[in-house]
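Two complexes come next, and they have one chain in common, subunit A, joined by subunit B in the first and subunit C in the second.
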Partner chain A sequence: MSFLLHLITVTCILLPTIVGYNLVFGKGKIFHFGQIGLQILAAYPLWISIVLFDQYPIMGLLLGLISAFVAAWLLAWLSFRLDPDGLGVMSIAVHLSALNVVLNWQSVTRGALGVPGIPRWSFLADNVSFAIFVIVAVSVWCVFVWLLDRSAFGRKLQALSEHDWYAEALGISRKNVHIVAFLVAAGGALLTGVLLPQYLYLLSPTDFAFPAMIFVVMCVVAGKPGSMGGAILATALLMMLKEGLRLLPLSPGVVGPVRLLLFGLILLGAVWYRRDALFPPQREI
Partner chain B sequence: MEQLLINGLIAGSLAALIAGGLALVYGVLGIFNLALGQMVLLGGYAVWWLHQSVGLTLPVSIVGGLLMAGGLTWVTFEVFIAPFYKRHRFLPLVTTIALGMILDAAMLLFFEARPRSILSNGKNIMDIGGVRLSVEQVYLVVLTVLLLCVFAYVLHSTPFGRRIRAVVQHSHAAMSLGIRASVLHRVIFILSGVLAACGGIFIGIDQNLTPVLAFPITIKAYAAIIAGGKGNFWGAIVCAYLIALLEQLVIGIEWFGRFYIPAGYQQSVALLFIIVFLLCRPSGLFSFKNRTA
Partner chain C sequence: MGFLSIREVSLAIQGHMILDHVSFDVNQGEVVGLIGPNGSGKTTLFNLLSGFLAPTGGSIHFRGSDITNCSPSVRAQKGIGRVFQNFGIFRDMTLEENILVALEALPHEQKKLLGDMKFLVHRTLAMVGLEKSAKKKAGALSGGQMRLLEIARTLKCGKDLFLLDEPTAGVSPKMTGQVSGLIAELKREGKTVLIIEHDLPFIGRICDRVIVLDVGKVVLEGTPDEVKQSKELQEIYFGADPTT
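Right, the complex of A and B next:
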């Protein structure tokens, strides 16, 4: 029972960042691989200011919000300026640079040790009430993103992803739409950055390494890029597989590589199966 | 300072081997291979296995390792690249991430996470005017330069090299002149894998092989090809040496006579290169224009 609760909680915690990313990469076809970088830039200012510098939670939240939104705005700006592959490499570089700073600026971030003693609100002290809170908060977020996706904004994003020149000729502003998409992704990263360290009572840099980004990409690709329901289902199934592997009678030295192997094969299979959804061929009359 | 320059030369030679092959692949296919670091390490591990476990002599192990690397690269192309890149050239960026995960898992399962060195005996260290370097390092640097010179000769002075350059400049125009571009695509990709494996052997002889090295190697190679001008072979090689030298200087110099930058920031040099060049000069230092009629 406690494993099931853990599984539900961890899946729900990851959903905001994955659903937000699905809007940018899945629906918008914007080659952005810096979602976990946004999460670093949201979570570290937030929790360091609260735990290490004794600031009010609202102040920490504000710092995390500003930091994530500024980074998202910069990435959106870069998406107008760079080739898609250039943006992909640039966003990876931004993510790894942020991680490098976190790992090496030990006087502030405590480096690889992470920041322990992340507090939870008193009414969320036990795991059941925390899980209920997470489910409610994440449901609200998912409904918000779903409404956004179904609105004129979603149609504009899709039009831009199909053919940006034609879309712009019809009066759709690529800048505005991309900025909003990136800000939503940053909002998701912030929500995950608020919930995950609270659940673990620890802000650990290992949760923000590049494999975490690969997991996010895998969830979006496997669930059909652009499909919110697909992304949610894929996250649940992949998380079940990821956590379920711990239950197998394998030594700890083997579980990690087996998980990597399985996920690599799943990612390859998902890209092969979804290759037309990931980069659809141009529609013709 | 002399020691830092020599260290930069050694690290740059390694990076140049890897980045050169990658630049050719980008120039011809326009794809990014994010499993490059893993392919580098697998070349080194193959030689380690043949030399240390099977017991073959070092030269035979190196030839065997390069053949295995060539075979693996060919399989990689057929499974992870060819079915995808013609559909959309960005698809291999994701499929090579999957390949990287599979190769990482294979390395961890077969060779474990602990460091492996191809040479079991200690190195022969020399002291030349206060600069310490090993005989093996001298051999590696000289061999790298020789290999690059041979490559330069083949690329610029042989019919085969002309065909490669023609495909780099314009695949379709080259095909209309009777050049079999699809075969050359495979040859160039395999060549980049063999050069990457040479880099892995370099690491296995000079340092130790561990799976965690893969991603930093990939990032450094990408920094070199972005700074050198995407697809520009010589630009990538020059920038590989430049990045390696800067990495040594950044952490080796006492800045303003007051402090040293922690060694952990060494990887940031390559990342900063990527960020600064993509922001300020996306075409790179040595970009060339496509010829037009």
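Right, the complex of A and C next:
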């Protein structure tokens, strides 16, 4: 029972960031891997200012929001100036730089140890009420993104991903649409960055390392890039697999490598299977 | 200054002159044909007009304002519509969405005047006889149907200048008649049209004036009859006539 509750909670906590990333990478076909970088730049300012610098939660939230939006804007700016391969590499660089700052600026971030003692509101102290809170908050977020996806904005994003020239010739501004998509992704990163450390009572850099990015990519790719329902389903299944491995009677030294191997194979299979939906078609005019 | 005015426009890519000091005007309500052999720079000129390429020299004015440095979407919002050589239709979207997304991309003031969008989408599809396929993916259409849909969409979006890149290419002979009927409709509605075409009789039927491009230069300009009878055109298209 407690395992099931844990599974539901961690799955829901990841959904905002995954659904946001699906909008940019899956639907918009903007080839970047900076989502977890966004999450670092949302979660660290937020929690550090609250826990280590005794700011009001609202101040921390505001700081996290500003930082996430600035980071999203930076990624969007890069996406307008680089070709897809360049953006892919650069976004990984942004993520790893943010991670490196977090790991090495120990006086502020406590480095690899992370920040313990992340508080929860008193009414969320037990895991059942926390799970309910997470489910409600994440549902609201997902409905918002779903409505956005079905609106004029969603159609413009899809048109741009199918053929940016055709879309722009209709008067669709690639810049405006893509900036909004990145901002929504940053909002998702912030929500996940608010919920995950609260659940664990710990802000840990390992939750923001590169394997986390691979997991996010895998959920979007396996669920069919651009499909929100697919991404949610894939997240639930992959999370079940990831957390379920712990229940197997394997020594901790074996679980790690087995999980890496398994997820590597799944990613490979998913990318192969979805290769047509993943990359935009060749442009002809 | 004309409705569309192109002044000394040049484009060099890696030292290669693709367009060389091209100048001409198009007046409001005029249908102008742009012809020339393969690789003479016709599509490239359209890309400069719709803003996908920046000229290395010269300027482009539309309705009296300088648009040389405007982005493609801004030019589209100003009223320049483009019909692409390879069908500018989103194949993974339904026919309905293809039209809806174009209407939604219009500037706010223009959108307010449209009225009910659903109705307008239906009317646009009905115009080209595709209302029954509204919910189908556009990728399933034939080339001719895509072309008709694209032209009808551009028309219903209230564009004033139409850049048509080989509208009859990839269209079955049976549907060519329909496409030229739709272009005639544009003319009746007083739209300004610049049209690239290889089919000379077609150009002769619908154009008021013809401009001939060869290796990036304007080499000839006149009425369809004048151009057809000129020796230069024969030389450009078929090489020098050996009997003279």
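Here, the second predicted complex is superposed on the first by the 279 of 285 C-alpha atoms of A that agree within 3 Å, B and C clash if a C-alpha of one lies under 4 Å from a C-alpha of the other, contacts with A are read in each partner's own complex, and residues count from 1 in each chain.
Here is the rule we use: a contact is a pair of C-beta atoms (placed from the backbone, for glycine too) under 8 Å apart; a residue touches a chain by one contact, two chains touch by 3 or more.
Quick caveat: nothing in here was measured; it's all calculated off a predicted structure.
Contact with subunit B, but none with subunit C, is seen for A:R275 once the two complexes are overlaid on the shared chain. Of the two partner chains placed by the overlay, neither subunit B nor subunit C lies in contact with A:W121. Shared-chain residue A:Y56: touches no atom of subunit B or subunit C.
By the document's definition of touching, of the two partners only subunit C reaches A:R155; subunit B does not. Of the two partners, subunit B and subunit C, it is B that touches more residues of subunit A. In the superposition on chain A, no contact is made by A:F80 with either subunit B or subunit C.
When both complexes are overlaid on chain A, the residue A:F3 reaches neither subunit B nor subunit C.
The part of subunit B that touches subunit A in the complex is made up of residues 32, 80, 83-84, 87-91, 93-95, 97-102, 104-106, 108-109, 112-113, 215, 219, 222, 226, 262, 264-265, 267-268, 271-272, 274-275, 278-279, 282.
Subunit C makes touch with subunit A in their complex at residues 43, 47, 50-52, 71-74, 76-77, 81-82, 84-86, 88-93, 97, 100-102, 104-107, 157. Every residue of subunit A that touches subunit B in the complex is listed here, in rising order: 31, 78, 81-86, 88-90, 92-94, 96-97, 100-101, 103-104, 210, 214, 217, 221, 253-254, 256-261, 263-265, 267-268, 271-272, 275-276, 278-279. Taken together, the subunit A residues at the contact with subunit C in this complex read 152, 155-156, 158-159, 162-163, 165-174, 284-285.
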